[in-house]
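Please read the structure below before turning to the comments.
Letters are used for the chains, namely A, B, C and D, taken in the order the chains are written, and counting of residues starts over at 1 for each.
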Amino acid sequence: MTVRVQAEDFDVAAELAALQARCPNAGAVASFIGLVRGNEEGQAVKAMTLEHYPGMTEKALAEIVAEARRRWELAGTAVVHRVGRLLPGERIVLVAVASGHRDHAFAACQFIMDYLKTQAPFWKKEELAAGSRWVEAKDSDRAAAARWTEPGSAA
Amino acid sequence: MTVRVQAEDFDVAAELAALQARCPNAGAVASFIGLVRGNEEGQAVKAMTLEHYPGMTEKALAEIVAEARRRWELAGTAVVHRVGRLLPGERIVLVAVASGHRDHAFAACQFIMDYLKTQAPFWKKEELAAGSRWVEAKDSDRAAAARWTEPGSAA
Amino acid sequence: MIQVRYFARLREALGRDGEELRWGVEIAQVAGLTRHLLARGGVWERELGPGARYRVAVNRQLAGPEAAIRDGDEVAYFPPVTGG
Amino acid sequence: MIQVRYFARLREALGRDGEELRWGVEIAQVAGLTRHLLARGGVWERELGPGARYRVAVNRQLAGPEAAIRDGDEVAYFPPVTGG
């Protein structure tokens, strides 16, 4: 189980290879990569700065992963989240889940992303042509996290 | 939209980078990698040989991807499936989906895998210590594909 | 003429990867072609008879027993797929 | 003493990233500490008053208004999170 918060970019292939090496008999690896978009509501994004709460972030991510491991049969997980100033197209987050079961890998990967979006103390500030603004939390993200009410339930 | 069937391994990072380059404003990339397992029901797997139906395979995969693009808002997709003799730990398949919406990316990626498993003409033959055998189709894969009965429905 | 192709376990069990057959009204549907092959008995009956699990594609599209077969078509018999 | 920390939009609006406060029974719960901060009026009332959307963590764990605060604890106020 890897959980990292870092300013540097990450190497997707290396992260997946390390995960696979830790779980040689998993068979199924589901992953998600979140990227800085070049446009938000029709406005060009110059950059996105991610602030976090050092110490709490890692703890919150580890708890989310631990909950996923209680709900599904997982062989291994990797969560890497960047902080600092990122440009459009740059990677923000990687969540990868290895399992013997395709469905478990998919469900756990989606669960970790949904909870990360609503529970892990990260905040985004966008730089637009008109100036900077803090990104508002989305109702759709709250709704996505609220789906996972029953252990083992799918989306 | 990339669909390839090939004997050679693929470079996950390069495939994801190419997908991202084709959809610069997607924000969300969900992906799945299937690997040859080292054990099947407690027996060590020496190798796995994948046969396919050239000509039909590419067509079937393209149709599955086209159906996914009708059901969800997708910016781009990549499907790469290997054929021939593969060793434990080797990659068999990559499905990657880019979208502006995390949920669409996840759902479409899972849908493509579920349909690929039941509709695309690939067959696996395992080499075990006791000899070779054709892998039997699984009821769980048929059930997984049968879930997607309503356009846009999730698992 | 039609091209008939066999894949994977069926290819091995039937001892061939395909054959050419003269088209005729008795094989103008998948069900008719299957009956024609079953009439060979032995391994054909075992692999394509009642209870056997296989799929059929006409011109590289999955097809049911009622699907039409026209002169020049390619028809494939194969086991349920197991890729991915 | 307790450590109070502010993040993101709240940090900017309140003009500070944290402060130390003397522990006492009136701030022995999150609700009490929030009342204490609200009593400062102005921007505090705007950012933490009725209708304001924020979250609280006690010792780096999300916490509701009834959560206990003990001497030496770290309490953080921040907006709903937007990572990922």
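The rule is short, and it goes like this: contacts are C-beta pairs under 8 Å (C-beta built on N, C-alpha and C of every residue); 3 or more make two chains touch, one makes a residue touch a chain.
All values derive from a computational prediction rather than experimental measurement.
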Shared chain contacts [subunit B and subunit C, defined touch]: none
Smallest count of steps, each to a touching chain, taking subunit B to subunit D: 2
Inter-chain centre distance, subunit A versus subunit D - centres from mean C-alpha coordinates, in Å: 26
Gap in Å, rounded to a whole number, between the CA centres of subunit D and subunit C: 72
Distance between the centres, which are taken as Cα means, of subunit C and subunit A, whole angstrom: 48
Geometric centre distance via CA averages, subunit B-subunit A, whole Å: 22
Multi-chain contact residues (two or more partners), subunit C: none
For subunit A, residues that touch 2 or more chains besides their own: 34, 113
Chain pairs that touch, as defined at the top of this document: A-B, A-D, B-C
In the complex with subunit C, residue positions of subunit B that touch it: 34, 50-53, 55-56, 59-60, 81, 92-93, 113, 116-125, 134-138
Residues of subunit A defined as touching subunit B within the complex: 11-13, 16, 20, 24-39, 88-89, 100, 102-103, 105-107, 109-110, 113, 144, 154-155
In the complex with subunit A, residue positions of subunit D that touch it: 5, 7-9, 12, 53, 57, 60-62, 76, 78-84
